[in-house]
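Both complexes below contain chain A, partnered by chain B and then by chain C.
Coming up: the complex of A and B.
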């Protein structure tokens, strides 16, 4: 097991290095640089600034310096904000993104498992048709549309009730987190619902469920003890990719709801071609996702006895 | 057979609604299971053996399945048409069932011990601790070594033979009167097969079990059965004691099955298979279902379905009719095949 984890972590490091290199290359291939705006008023100031940030060096040298600093855990200073290190930005804003993401993930998995199980129970009857229609909507409509619509709905709800039930945007209270988390988790929930439905139906047709009936167990007991447990396993395997979808979806939702998370910086930095913030956030998100996928795989190993027992041999 | 009838199935008919039309999977099947004996149901795959027995326990998905006629009584109490709740007083408790592929018939994410204990807890109201003790006793009875260790293992940690033993332990846990074994040894190799059959025999003796044994292997029938029902295309075509079936075969299909059986006549090097294939169950042909493959087919066979002739030894064949012209010739033929 330990061997396996180490191998996965090694592969993960390689992946992150590749992400960093590719981002670095892409960034420098785009015309312009972070100083190509009003800050650098004349050629002298511009040259000074470039020297200060090391932009006068050959690109390869910059790459080596940057990688060296990154290995030490230093992502450098942001171009767009004075005297603010990228590390500080991540430290301050990532907890906000993580809270939002976790809430969405909870919502998406709980909802996905519940709705999926429900559609399987009501297969080919109207609750199934209704939920599956909503699922297709959830998968195909982009989250910024839901974000806008939900703000619109909140606005009217508040006006109609006369009190401020939910804030339209912002962050801080649980009330403010609720709607953005729902919006962010929606597509994942839809996807998990569909997956859960099909695994539930697969499991319902297995020989061991027939055995459970032959044993004279009640339908409820079969559902809880035999069907659900086996149907949830495949859902756990896709939690890794689901976390990735929620994380990247967070970029959009944070922007729309004015949430001070890391995702907003990520989007802004690309628009401003802020080299250090782009690199920092991309590498950070990349490493985070790689770690999450590995964590989910390990978690799965603990839940599925077939893998757990093999691994402990 | 003089002993008391435990299970009485009469005129059972089951069909499946499919896109291609309705499949008449089981047609007019009747049999009796006597206390402490083994009834073997034999026939080619797809002839309706599994559907017949699964219908008794309500294991056929409905829809697409539908019971169109018949009754099945366990000691006089009707089983067909019961709600799942009422059926659960019988399933696993008074009727146990074993399936062909034990590996897929066991829940892969639950320990063997938990799967067996579950029936004891549900049907016998045992505590978890008492159930665990009983599981150990059961595993010992089916000769699984180191039961304390084995009960904590999952199905994938068992060999096929061991798993079928565990399945047997599960099916007899609540002391059922009837055990239905649907091809219990088909997935196993020959030596393990013999061990499992021996285990079933000894359980029958020690517990007075009445067994319905489904198989397509006449060797298994010869070894285990007291009575035999031969099924073909959803119907029982011949039925009788094991001696009736082997030494006084009355249906050409039974004769064909025997000729296709390996090892019984060692001097015959070539196995004879029955030419042709079973009829389309979507639209059973007019007359006898076996007429297209029958070496003794007569005009009558293609137009009118034969009834079951006989009383204790029955056969669904026009040759059994007193006026059948080929009767004498047919008896000669049987004699020549047997020698």
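Coming up: the complex of A and C.
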């Protein structure tokens, strides 16, 4: 098992290195200059700036320097914010995005597993149809629509009740997190519901469930001990990457609700061609994602003994 | 967080082995939690408060820097002007008034400022002439790499020092004593006093600056103020908090005690929602095509205020010899069919926008009155027949039967795309010229503009100081922002004339000739002057909007009952 984990981690490091290199290459191939602005600076000032950011070096030298610093855990100084290191940006904004993301994942998994199980139980009856209709809606409607709509709803709720029930936007209190977390988790919840429903149905048709019924076990016991436990495995598979994706911030939701998370740095850094922030956010996200995938693989072993056997071979 | 305890008994009570009711309980707990949260509704964060003279605001982006020596972005400049004070300041009517300097004198290339003795840093020590000398030297220090160092080139040896050819001490600024500052200029500069309100000319105290080890103004604990407000909180990307500076020399003129900025989002719909919910006192981002919000504001009978933000927009032609647009007659043909009024009133339809007729916006100051009043430009006469004659000549000169398709470069903002579509249909309809639209994201547009990969480009310029020169020198042959490489010895001579004297009559006359030359040679097609619409809380009075420097000034604002 330890051997297996080490092997996976080694592959993971290689993957992250590849991500970093590919991003570095792509970002330097894109036309444009991170120091360029609407107002062009004169040659003297541009040279001074380039020297300060090390852009006067050949690209290959820049790559070697950057990789060296990255190994030391230093992502460099942001181009777009004076005196702000990318490490600081991640350190300050990631906890915000992660808090919001974990809350939304809580909504998503609790909802997804519950609704998915319900649709499986009520297969082809009206609760099934109703929930599946909402699920399709949740998957196909983009989050900025939900974000805007829910903000509109809060605004009118506050106006109607005459008190500030929920904040329209902002960050800092638990009240402010509720709606953004719901909106952020909605599509994951819908996806998990669908996944849960199909695996529940798959499991329901297996021989061991039939056997369980035949030997006279109660429906509740079959449902909880045999069906649910087997069906939840794919959900965990999806959950690993989902954690990495959701906790690193949803740009749209964060911008609509004025949440100071990591999300906007992903989008703005590309628009600004902010080399160090692009690298920092991408590598951080890549490493996190790889780690979550490995964690899920290891977790499998504990949930499903069959996988443990496979892995140790 | 007490209401979380509601869940505990619900979770603890699961003696029965069934999990389904447990799920239901979790759901019930969540419902209860939500109710508890709602009961806990708080009301203290309101847009304005009369008793404490405090207001709440939102910003559309995080300041990139608050260091007066290096900041170049609008949000940084906005905050810095509230927490720092320069030699001069602009009053509520945009007139220059004494700030740290009590009085001043200018003779030719020498300026002398007498500093007031009661101007203090927030640690209680006086602001002295040495603080200005240190700050100005730091701005032109090549190691600082300040983007606005070029503003300091008017000071003697500024450019040479910035290029690393001279030591810092050679900069033409010295402290005659603690409270007298003398500035030696490179040459007579008619707008020098205007520059004193610009943040790169603000002071910095050497001992404090060096003690921050490169983190000067990076965070609240690295800041030293001398302006009307102090910054007491800066959570990057999330919140700022400004409080009245008790040691500010002119503190009696400042009414607001607290400016709280707990929201930073670039989503204008979200900011407008915050305004409607009574959480912020001003929403100043009703810019561009966000007219739904303007309609919403009208419906709600909000107080709408519109002001020019100073920016002038235009279509710039590429005059590189290999481009068809280098042909004067082709440009004149396009000029003769282009109508900025139709563009502004019928196509863009944004209330308040002013159709462009000149490179120089209408608010700029001339000799005695506004520049555009003293030197009016003839309104363009739309003449299709004349345009076709120009086109015929252009085809002969270019030796083609048909003008090849021209590319028009624009970045991906909605207002620019709308303009390219309008121009595309206009030139096709009137002159049978095809325009190929080249939409790029911001940095890529800059890159193509800089390397000259365009025939026409949608461009614009915001002023750095309150003088027509901030626009006029754009098309001088040596200017890095002259993207189309317009190269006219005549134009250059007008600019040099205006730059080499402080006689306002000679300067303005020269710039008016430059204005006319740009029209005669069809170097640009002016499109519009931008206007920003804001909604304000009725209890908030005394807001000032400017075209240069901080767009919104809160120093003179107050909350009324």
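Just so we're on the same page, the second predicted complex is superposed on the first by the 298 of 313 C-alpha atoms of A that agree within 3 Å, B and C clash if a C-alpha of one lies under 4 Å from a C-alpha of the other, contacts with A are read in each partner's own complex, and residues count from 1 in each chain.
One rule holds for everything that comes next: a contact is a pair of C-beta atoms (placed from the backbone, for glycine too) under 8 Å apart; a residue touches a chain by one contact, two chains touch by 3 or more.
The structure presented is a predicted model; accordingly, all values stated were derived computationally and were not measured.
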- Task: Give one word, clash or fit, describing how chain B and chain C relate on chain A after superposing.
- Result: fit
- In the overlay, answer first, second, both or neither for which of chain B and chain C A:217 touches. first
- Dominant toucher of chain A (residue count), chain B or chain C: C
- Task: Once the structures are superposed on A, label A:92 by its partner contacts, choosing first (chain B), second (chain C), both or neither.
- Result: second
- Task: Could you tell me if A:22 is touching chain B, chain C, both of them or neither one (first, second, both, neither)?
- Result: neither
- Identify the partner contact of A:260: answer first if only chain B is touched, second if only chain C is, both if each is, neither if none is. second
- Query: Could you give the angle made at the Cα centre of chain A by the lines to the Cα centres of chain B and chain C, to the nearest 10°?
  - Reply: 160
- Message: Under the stated touch criterion, which partner chain does A:208 make contact with: chain B (first), chain C (second), both, or neither?
- Response: first
- Message: Just checking: does A:175 make contact with chain B only, chain C only, both, or neither of them? Give me first, second, both or neither.
- Response: second
- Query: Of all C-alpha distances between chain B and chain C after superposition, which is the least, in Å?
  - Reply: 13
- Task: Would you tell me the residues on chain A in contact with chain B in one complex that are also in contact with chain C in the other?
- Result: none
- So in the complex, which bits of chain B are touching chain A? 54, 57-59, 84-85, 87-93, 96-97, 99, 101, 104-111, 118-119, 122-123, 153-154, 156-157, 170
- Query: Which of the residues in chain A end up touching chain C in this complex?
  - Reply: 30-34, 36-45, 48-49, 51-52, 80-84, 88-89, 92-93, 96, 110, 114, 148, 151-152, 155, 158-159, 163-175, 178, 220, 223-224, 255-258, 260, 264, 271-273
- For chain C, which residues count as touching chain A in their complex? 1, 18-20, 23, 26-27, 34, 37-38, 40-43, 45, 58, 62, 64-65, 67, 70-72, 142-147, 149-150, 159, 162-163, 214-218, 235-239, 262-267, 269-270, 273-274, 276-277, 279, 441-444, 446-448, 450, 460-462, 480-481
- Message: Applying the document's contact rule, which stretches of chain A touch chain B when the two form their complex?
- Response: 206-208, 210-219, 221, 225-226, 229-230, 233, 304-306, 309
